[in-house]
Structures are given as C-alpha cells and as structure tokens.
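Quick one: the structure is below, and I'll ask about it shortly.
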Amino acid sequence: MPNGLSNEMSPSPPGPVSLRQRIHDILEYGSEHDPVTRLVNTILVTLILLNVAAFAAETMPDVGPRYRNLFELFNLVSVAIFSVEYVLRLWSCTEMPLLRAQRPWRARLKFAMRPLLIIDLIAILPFYLGFLIGVDLRVLRVLRLFRFLKLARYSPALVALGRVIANERRALFGALLVMLALLLFASSGMYFIERNVQPEVFGSIPSAAWWALATLTTVGYGDVTPVTSLGKAFGGLIMIFGLGMFALPIGIIATGFSQEANRREFVITWGMVARVPLFAQLEATVVARIGAMLYSRSYVAGEPIMRIGDDADAMFFISSGEVAVETGEGQVRLGEGDFFGEMALLYRRRREHNVTAVTNCRLLVLDKLDFERLCHSEPELVSHVRRVAEARLKAGKTKR
Amino acid sequence: MPNGLSNEMSPSPPGPVSLRQRIHDILEYGSEHDPVTRLVNTILVTLILLNVAAFAAETMPDVGPRYRNLFELFNLVSVAIFSVEYVLRLWSCTEMPLLRAQRPWRARLKFAMRPLLIIDLIAILPFYLGFLIGVDLRVLRVLRLFRFLKLARYSPALVALGRVIANERRALFGALLVMLALLLFASSGMYFIERNVQPEVFGSIPSAAWWALATLTTVGYGDVTPVTSLGKAFGGLIMIFGLGMFALPIGIIATGFSQEANRREFVITWGMVARVPLFAQLEATVVARIGAMLYSRSYVAGEPIMRIGDDADAMFFISSGEVAVETGEGQVRLGEGDFFGEMALLYRRRREHNVTAVTNCRLLVLDKLDFERLCHSEPELVSHVRRVAEARLKAGKTKR
Amino acid sequence: MPNGLSNEMSPSPPGPVSLRQRIHDILEYGSEHDPVTRLVNTILVTLILLNVAAFAAETMPDVGPRYRNLFELFNLVSVAIFSVEYVLRLWSCTEMPLLRAQRPWRARLKFAMRPLLIIDLIAILPFYLGFLIGVDLRVLRVLRLFRFLKLARYSPALVALGRVIANERRALFGALLVMLALLLFASSGMYFIERNVQPEVFGSIPSAAWWALATLTTVGYGDVTPVTSLGKAFGGLIMIFGLGMFALPIGIIATGFSQEANRREFVITWGMVARVPLFAQLEATVVARIGAMLYSRSYVAGEPIMRIGDDADAMFFISSGEVAVETGEGQVRLGEGDFFGEMALLYRRRREHNVTAVTNCRLLVLDKLDFERLCHSEPELVSHVRRVAEARLKAGKTKR
Amino acid sequence: MPNGLSNEMSPSPPGPVSLRQRIHDILEYGSEHDPVTRLVNTILVTLILLNVAAFAAETMPDVGPRYRNLFELFNLVSVAIFSVEYVLRLWSCTEMPLLRAQRPWRARLKFAMRPLLIIDLIAILPFYLGFLIGVDLRVLRVLRLFRFLKLARYSPALVALGRVIANERRALFGALLVMLALLLFASSGMYFIERNVQPEVFGSIPSAAWWALATLTTVGYGDVTPVTSLGKAFGGLIMIFGLGMFALPIGIIATGFSQEANRREFVITWGMVARVPLFAQLEATVVARIGAMLYSRSYVAGEPIMRIGDDADAMFFISSGEVAVETGEGQVRLGEGDFFGEMALLYRRRREHNVTAVTNCRLLVLDKLDFERLCHSEPELVSHVRRVAEARLKAGKTKR
C-alpha cells in the first residue's frame, strides 16, 4: 500500500537544479521562503514604484526640465532591467510543468499571450518603438503607466477583488442603472428649476449633470450650488437619494465579499496549480477552469485533515508540505504534488483513513460538486484519477 | 411510466413557428442564444440611450438650436420605431401562454395594463398628443424621459434591488426618521448659534437645514459654513453624527442583500414563468404571487439535481433545457415546461428517483413551505398537480 | 382535553366594549385593521409633522412676523389636541392588562413615568407654564421640538435600530476612539506643517481640527485647505485614513443588523406583550425583561407551526389570530392570549401535537434557552406555566 | 471525586491582601465591581483627556500665552500623577501570576518592555529629559500626544478592531492598490486634459493628484475643479469610480467584523488570562499565543454550561464566578482559576457531567481544534492538563 499511495507522477527528484529551472522558480513561483526570490521581488517592486513616481515627477515644471537627463537615464536603466526580466521569463517558461510537454517556441508563444506578460511587453515596448521606428515619444510615454500594472503580479488579493466584482456584475450594473436614472432625474429637475436664475451653470442638462453627479456621489465640490429655495429643497432631496445610492454598491460588494470569505484563502496562484503534476498534461484553458474551482487551505503541523468516517466532501492536492496517511500497516507520507481523498469521492464512500499534516502545509481543495462537474467536462482527467485510485486500492489489497 | 412522466400539457410541438409567435419570442423572451433577438435588443437599447442623450444635448444652448432639425428627425424616427415595437408587442401578446385562453382583445387590454407597457405608451404618447390635439410640446417633452425607464426591461437585477428595498422598507423608514430628527436638531442648533452672525444663511431653520443636510450627508458643498468657534464645534459634532447616519442605510441594505443573495439567481423573468404550461390557466394576479415564490437555479449538463433518498424540500419546473429521470426501466426525458419532484412533496416522502441535467438547464424552484402555502390559497392548482402525479404513479404501476 | 388546552386565563369575553377600553385600544394598540385607529393615528402623525414644519417656518423672516397670529392659533389648537390625547391616554391606561390589578391612580402614575408619556408631557407643558407662571416663552419654545419625538411611537423599527446600536456600543466606542486619535494626529500634523503659512486657519490645533474633521468625515467643505506641497501630501494621507475610518462604523452597524435580522420581525410592541394574560400579573420591569427575550413570527392561514416529533426549541404566545391543535379526539382552537408548546420545554420532550395556523396569526416566540433563564429568575411565572401544563395533561388523560 | 475536581493549583486563599497586591489589582485588572478601581480609572481617563485638551488649547494664540503658567502647572501635576502611576505599575507587577516566579527586577524589566508600559514611559519621559539634560522643550512637547494612547488600555474593543484589520490586511492592501491605480489614472488623465487650461492646478501629475484624491475619496473640497467639458465628463467618471472604491474597504471590513462577531465577547484582557494559574508557569510569549486562541463567554446564574452526552468541542477556564459540576455523589463547586471540560477533549469522549453556572460567570473557552494545536506546540502544558485530569479520574474511582 505505501507504494500505491505514493503518486507515480511525482515531481523530478531534488537533484541539482538547472539554471533555467532556478530562474523560473525565482520569477514565477514567488516562494516567500527563498531569500533570492524575496530579494528579486523587492527590487522589482521598488523599481516599478520608482518608475511611477518618476513618471509623475517628470511632469512637474520645476523638476522635469531640470533633471531631464537623470530621468532619461533612469528610464533607460528601468527598460533594461524590465527587458532582462521579460526575456528571462520567456526563456525559462519552458520549465513550467504545464508547458513542458510542448515544443519550446510554441510554449513561449503561448506564455507570451498571457495578460501579465502582455503588460510586461507594453511596459517596455514604447522605448524600442521610439528608438527603432522613430515614433513620437510624447504619445508613447503615457504607456509607461502600464508599468504600474506589473504590480498586479504581487498582490494575489487583487484576484479575489476581481472575482467579487465579476460575480456581482449584474447587481452592480443594476445599481449603475439606478444611478443613471437618478442622475437624469436630478439634472433634468435642477435644469428646469434654476435654468433662468443661473443659466451659466444650470443652462443645459449636461451642465446640471455636473452638479447632480457631485451631489449624488456626495463629493460636493460646491463650485455649483442651487440658490433658489425650490432649488435648495430639490437639492436636499437629491442628497438623501445620494445616501441611498451609496448604499447600493457597498451593500452589493460587502455581500459578495462575505460569500467569498467563506472560502478562506481562496486565492490560488498559478504556481500552486502548476505544482500538481496531474494538471501538467492539461490544456492551459482547462487548467484555468480548474484553478477557478480550487481553493486553498493551510494546516499547521500535527493538525488532522480528515478522519475515518467523515463525510467525503472534497479531494486534496498538496501544494506544499507533507501529510501522513494512517493505513493498517503504519504511516504513508505524501508530499508536494501528490493528491489524496479521491477514493471517497469516486465511490461515494466515507473517509477510510486518518490523514494528518506532518509539516505546515498548504492544500488545494476540490469540492465534491466541482469534482462531479469535472467528471463531465474532463473525463480524461477523472479517468486518470480513477486509474491511480484503483492502482492504490489493488496495491493495498495485495499487501494485506 | 415514460408516458406518465411526460407532462400531458406539453408545449406546442416544435413544428413551423408562426410569424406572430416568432415576434413574440423575440420581443418578450429575450433569449440570449437567438441572434435575431440579440440584435433587436441591442438596437432597442442603443436607441433608448441615444434618445436620452439627445434629450440632454437638445438643452445645450450651442447645440439645441443649431441642430434642431436633426433632433426633430431623430425624434420622429425614434417614435416610429417605438410605436412599431409597441404595436408588435400588443399584437403578438396573444401568443403568451397565460393569455392564450382569452379572447384576443381582452388579452391585449390586459397586457397593455402592465407597468412596462404603460411606460412604453408614455414614451410615445406625447408625440401623438402634440400632433393630434395640438397640446404645447414643451411640457410634454419632459415625458420623453420615460424612455429611459424602458431600460428596466433589460436589467433583471433591478427587480432584486427593488425587492431588497421593499423588504427593508420599515428599517429604512426608521433610518429616515432618525435622519429627520438629526436634521431638525442640527438646523435648529445652528440657527440658534449663528443666526445673529450670519443672518443671511442661518437666519431661519429652513435656511440652516440646507447646511445641515449638506453636512449630514457628507456632501459638504462649503457654500455655507459656520464661522464662530461654538458653531464650528457644533458643526464637528454634526459631522460625526453624519458618519453614523450614513452607516444606517448601508447596514440595512447590505444585510438585505446578503439575505437575498442566499437565494442565488433569484430573478425570475415573466417569460420564464410563462413557459410553464401549468401556470397558463391561472389568473395573472395569481401568477404574480407564484412568481414571487419561485427562484431559479442553473445546472450544467451532467450535474445531479436530486438523488434517491434525499429530503424533499422543493419541486421543480423546467424553464429551459432537458433533464433525465432514472426509473426502473431506464431513463425518461423531461423538457421545457415539464415539472417534477412533486410526488415527494405531496406525499411527504423522500426522493424516489435520481434526476440529472442532460443539457445545461434552468429550473424554477418552488420551496416545500411555499408549496404548502399554495395548497391553501390555490387548491385547484395543487389538485391539478396531484392529478398529474397520480396519473404518473398509475402509469408506472401498470407498466410494472 | 379541549378544556385543558384552552387557557383558563382567557381575555374578557367579546361582549360590549366600554368606552374607556375602546379609547385605550385605539390609542395604545395601534391595530392596522381598525379604521378608527388608523384615522386617529393619521391625524396625530400629520399634526406632529405640521407642528415641526410650523416651528421651522416661524423662524423665516418673511413668514414668521407676517403670519404670527396664524401660527399662534395653530399652536393653540395643537396643544389642545395633544392635551386631550395625553389626558385620554392617562385615563384609559387602567385598561392595560398589566396595570389592571393596581389602584387607578397608582396605575396612572406608573404609566405617566414611561418615556413616551414624558415626551408627550414635555410637548405640551411649555404652553401651560408660559400661560400660568409667566415664564418667558422664547426659551420654552425650543421644547416644542420634542413634539417630533412623539413620532417614535409610530415606527417600531426605531426600537430595532436602537438595539443594534446598544449591542455594538463597545465596538462603536472603539471606533470613536480611533477617530479621535486620527483627529488629533491630523490636526496636530497640519498645525505644525501650515501654521506659519496660513496662521488664520491652521494657527492652533483646535482651528486645524475643523479642517481635519471635515476631511476625515469626507464632508470636505473646502473653506480651509492646505496650500503647501507638504500640506497637500499630508492632507491626501488623511483622506485615505478617512476612508478607512468611514468603514469602521459602517462595518460594525452592518454586522449588528445582519445579526438582528436573523430574528425576523424582532420588534415587539408593548401592546403585543400586554395581550398575553400570563404576563399581566408581573411587575412592569419583569415584563420589560421578558419583552426583550421575545421575538415575533407571522404565519399565514394554513401554515404548520409545529409537527409531532419536531425538536422543542421554543414556546409560543398567541398575539393575534387563531391556531388549531390536533389532538387524538380532534381539533382544539387556541386564540389571542393563549400559549402552547410549553410541555415539550418543561419535560424536555419532542413535540407531541401538530399545530397549524387557522387564520393569519402572529405569535410571540420564547426560545428554549431564554425559557431556562426565566426558570431561574422568575420561578413563579414558570411554576404557573407548569400548573397550566399539568392541568392540560390531566384533562387529556382523564378524557381518554 | 470532590477533591479530584478542585484544582490543586488554586489561587492564594482569600486571606488579608497585601498593599502591593491591592495596587496591582486596582491598576491592572480593572474590575468593574470594585469602587476604588472605578474611581482610579475615572481619574486617570479624565486626566488623559484633560491633557489632550490642554495640549490643543495651548496652541491657541489668545489662550496659550495668557495662561502659560496655568498650563505649566497642569503639566507638572499631570507628569507627577502619571509618574506615580508608572512607578506603582512597575512596583506591583511582581504580583502578576505570570511574573511571580521570576526575580523581581527581571520581572519588572520584562513588564516595562510591554507596549502599553512603553507608551506610559514616553508620556512622561520628555519632561524629565527637558529638565535633566536641557533638551529643547518645543520638540519634545509633541511627544505629549502619546498620552492619548494611554486610553488604549481602557477600550478592549480596540483589540478587536485591530484584529479585524490585521486579518483582512491582504484584502485591504489589494484595495489600496486598486485605489493607487485609480489615483494614477485620474490624475494623469486630468493632467492631459486640463494642463493647458489650468496650468496652476493641473500643471503636473502630482498637482492633479490633489484633485484626484479629493474626488476619489468623495471629500470634494472644490478648491480645484475641472472647467472644460471634457474635464467635467472625465471628472464625473472618476466620481463614480470613487463610489466603487469606497465600497471596497467597507465591504472588506464589514465582512471581517461579521466573522469576528460570531466569536461573541472575543476580547480577552491580559488580566483574565493571568487569573488562570495553569498559564502562570508559561513563557509570556506562549501566553500571548494562547490568549489569541481563547475567547470568552458569559453565563448568567443558573444557566447550563454543558450537559451529559453533549459533543465535546471545547474546554473551559473560569475567569470569574463559580460553577457547579454534578457528580454521582452531589455537586462540586469550581471557582476562579479552575478549569473543566478537559477530559472529553483528551479522551475524545462525550460530556459525562452536567455543569451549571452558580453565579454569573465568565469563562475562557479553548476550542477543540486549538487544543489539539496546543498538544503539538506546548506538550508540557497539555501533559500537565492530562496529569490533573488523571488525578481527578483516580480520585473519582477511588471514592466509588
């Protein structure tokens, strides 16, 4: 049974790591435990922030012209570093388990099409375009702002924010519609009330909309305010509506958050999914779909993960750390890249082993219902899981 | 049993569809899968938005007079299109299952009384009134704003927003009362403090209310601010109260949302209910009441809907898609308009069949408790469900 | 068993109702089904609102002096009506079940000490004071604002708002402390940065606090803004802190609401509690404590309330409507003022009867845990419930 | 069994309390029931608030110079009182159970390193520094603001606020990133649109950021507003984004609160943990870790705490009050410092005793899962619990 339980598709043995592998790990996995990775990340984040600061500072009349050479130099250095980063990412991406099976150039092309890589490209492209084909630098300079978006790579919580907004997009669109209706009502109303008294600011509905928007969003610049009694009364009503309008998106987003938050540590980085060999053979689009189904849970050393007799509600992939499975003949250890808990899902049984975390570890969890959806959309993946499971079962039975 | 399970009130066979039926489907069901429907909807939504933009632009002094003819032409075209839309809706509404049983003109009259149709009418009526009986166009032009409300048809989430506000109306009214009390307190207080210093803005309580409202809602125009130390101290206190006042409606609405959100996909369009033949025989008011009880759930192809032995907590109506019921002799397919799961509710038993989604499908769900309420208020409907259920049972028993 | 089940302390038989009883019902119970009550309430609410409007309008320079006589007359009429209302409330309060046992004048004194009655008194007292002992009317006029608080009687949701704020008072106090710390930080910081540049507005910390408060609460009048670069940078930081500060009370109150909302229809009016004869014999303070434990649930006609075999988690008091208890020998009806469900709590058994709502009805629910708390604090009340329960049991057994 | 159940590590018998012990109790435990403690706390809180008020008032041009001597005197008195408080805290801290085992000066040094004590020191240090080594008082005076932070000791809810923010720090950081991106977008956009029209306020991106921040946070001073049509349209868009940006932190914090709130009375003061003798032998850092695992529950007199047969989900430490354990031979009383409920956790059994609150009492609860974590990280602590449990068991068995 020990043999059966250890996944036959285990990651490459921890022998000497190639330079390309090392660079890939540093740039893509972002492990917090590796000092070199931490250093590289810190340098890149700092450089991004400095670039944005320089972009803003350059527009200041008393700074921009004076230190023009300095800014140019800094830009040159930044482009150089970002270019090296971009090339290294492309070069090392063939180490990614998901792309390993493909021909290097095809893999790199696929990798270069990812949103984050496209941002990386736009961040450096203007420089080369200006240099090579002599396009006017002034227009392209704005594209430097894309460098800020490179930060997205370093905040996995952004993914969660995006997911909440995507989930609630219909309700948010409804709230926007309510706001537009209010805006139309407020600006038309004020236009009819004050167009003769203050023709310069309420002389048309689009003009009045400036006041209406500032009031409904409670920004309230005060550069335009009603002066008649009727206008003030109407304005007061609009303020109160504004309060309610405020409440809609906040209520929607707060609700979305509390639903996401029930899936604690819901942010799965690409690196975590890529570490699971089972997914390495899949199309990138399929992995993306699975990634959306997974969520992650952390366990401290010694914490029980499942117990005999528990309901089977999920299967687990080990993203990092080690777990111990108690079998009749003792313990079997499973490590990074292995999976367990699939038997109970496949055969709709209760848990038949105790599993405990040996080290602190992070597991990717696939819910029962999501597993059943996969059964229909990815029959190959599931049949592979089934084969491994049956091999484990046989190994176990043979032994006994 | 297959015969028993297929609903005897199945929709008209998928033979050649009449033009009227086709127009009705395009205008009322809004299926996202039909390209013609999508095109028609896109055109209508664009036209509505353009109308609102034109309404606003016409008031601009440097645009309105100059392009008057263009605006008039655009209005003419819009009214023509909206009129055609209105007439087609009225003409084809006799295809609606709920109205099919009634005489055409009675059905159309009933249909014309619906809120959305009344909005459609108000959106075009002013033009004809101005044309026919020579009423002054200036006043009627404001009614064009009603065209914006035609958008309501295209955002089902608005219904959910409305329901949340309706559910929480008592708490919101309480919050409004708190706000009025604070407003009274703030404006009276500031009136007594600063009426002698700034008589022109704090000279009366209604004047002071303008400041108080702008402060309590955190709009803060700044056109009126206290100048004395006591006034500023009092103003600071009011600002802090304003924060709390803000929190009340947001807290109320956020709570309402999170309760609605537990009923995922709670928005039921009229078209979805109308597709269920069982409801076709009911009074429109009763259908409205049932519509408020239903909520909808989506299932992907292959997903299990119920399993043998599950608790029976709801019955299901198929709004779109196909499901498979596993019986002793094989599978029975149920499609759009059929219902299932009623046996376990009627006889308070556990589920006796596995039911699985064959295609992606959308089901209308009627909770057990709501079903029991229906038993009391609509005995005929339930006795019909019972008859169908018993016919199914007998068919099943005969076969075996 | 029918005898046993009907509560021996049933309310007075529906014979001819005395005038005092009728007035009491109209003024205190506020039934929505009685047209006279509805009329009286509408008149009183309108009068309150008109009084507040008159109070504000009187301060307007072009309105107050001109219509002084009209305002005086209106005030006279209002005081007359409010005085009649106050006297009638006091006179009829002896009909209140809770006070019925006491001597009339003692009961009235107790009743007059209630907060709502004190507000009623303050609303009319200034007039008589000014009239009788010649106090300067100007100062007392402000007390007319108390008339607005008379509205509290008509919005039961206010009670819920108050409860949420009371429950979360510690967290809200913590948020206030955070805000004060931020205020101190912001105003001290800006004082040090801009005191030399704008001495007239940032010349002292209290002056700077005016700006800091307007910024932290996002009111942002704009009458005072920093002008130096450092000041603007610091101001921007304070704005972002302001956003976070905003989030604290909203988050706290939203959470409090969603917890209260799980107790649907949590607002219990005094009248609803007073209708339960069991509570009529208790001290008012005890009733208040019980009132805080109860919550109310509405059932539609025909809805099941409990079923045989259910867990016993609460006992019920009928506030309005009628329920049917199914016993071995048929149905027993219970009406307003009766209670049921106590057996299963007293003897920790499962439900032994089916109980169904006969008419739409409203029940007061007492949770199991609250019941057990009552057992300790109000042993007499519980021993009474026990006596009734045992009488019912015996009656049932005798019959069989 | 009674002997077995009473904890052998019970607190010192309630004999005469030493002065040092009394001072320690007054200053550190903050019992609400002791009038002297309440008085001392009231004086200290008032003094802190007066100090902050004096600090602000001193900067007012018409107050500061005039009452300089008064302010100096008040400062002198305050420093004297705070110094006495500080010295007394240090002197009496050796009474703290956790520090009792150590040598007095080592204990005091450890105690002085705590954050609250460091604040206490900073609050008085500037005075002595200025006095002793003649540093310029002007700079050090700012440090007086630290006196405000002394209030932190008196609001345990602050701890909960801090915990929510710490838990949600990743999501809040993501929200900050979104805000920075929006800020960059808004200020760059407005810079390009209006830099030529209003060069003095939109002449550089940092200048435009002042407007962008005031708009995105809805502060809206109005000192800078766009004037061109394009600028106003862009500004309106930014206002709407501002609404959404507002919603993010509020949604995040509201969610965090509602999760914390499920752990009712989650704030554990140091004094409550220190009262449990079991923890007295542990390292302060370990106690801090345990403190983070505990939460507190209040029970009223007579309320059941656990019942025979319940699932064992936690063990309990008595922080104040008394409970009764029903054993075969009668009741055993447990008081402050005792613990119970550990047997069922150690041996994974169901509850075997009824435990009821005798007085109102406050228990510290340690969840089953946290208990199991402790088993791994603090084996000594758990083996001690096990020893006590086994002693109790043996005592019980011997008796029978």
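As written, the chains take the letters A, B, C and D, and residue 1 is the first residue of each chain.
To be clear about the criterion, a residue touches a chain if its C-beta (ideal position, glycine included) is under 8 Å from a C-beta of that chain, and two chains touch if they have at least 3 such contacts.
Keep in mind it's a predicted model, so treat the numbers as computed, not measured.
Visitor: In terms of residue numbering, is the interface formed by subunit C and subunit D classified as same (over half shared) or different (under half shared)?
Guide: different
Visitor: On C-alpha atoms alone, could you tell me the rotation angle mapping subunit B onto subunit C? Nearest 5 degrees is fine.
Guide: The best-fit rotation has an angle of 90 degrees.
Visitor: Where centres are the averaged C-alpha coordinates, which chain has the largest centre distance to subunit D?
Guide: It is B whose centre lies farthest from that of subunit D.
Visitor: For subunit A versus subunit B, what separation do you get between their C-alpha means, in angstrom?
Guide: Roughly 33 Å, centre to centre.
Visitor: Where the centres are mean C-alpha positions, what is the separation of subunit B from subunit D, in Å?
Guide: Roughly 47 Å, centre to centre.
Visitor: Name the residues of subunit A that each touch 2 or more other chains.
Guide: 206, 209, 218-222, 246, 250, 252, 254-256, 258
Visitor: Please name which positions on subunit A make contact with subunit D in the complex.
Guide: It is residues 52, 55-57, 59-61, 63-64, 142, 145, 148-149, 151-152, 155-158, 160-161, 164, 176, 179, 206, 209-210, 213-214, 217-223, 245-246, 249-250, 252-258, 261, 300-304 of subunit A that touch subunit D.
Visitor: Along subunit D, where are the residues that touch subunit B in the complex?
Guide: 218-222, 250, 254
Visitor: Flag every residue of subunit D that touches subunit A in the complex, lowest number first.
Guide: 170-171, 173-175, 177-178, 180-181, 184-185, 187-188, 191-192, 195, 203-207, 209, 215, 218-222, 225, 229, 232, 235-236, 239-240, 242-244, 246-248, 250-252, 254-256, 258-259, 369, 372-373, 375-376
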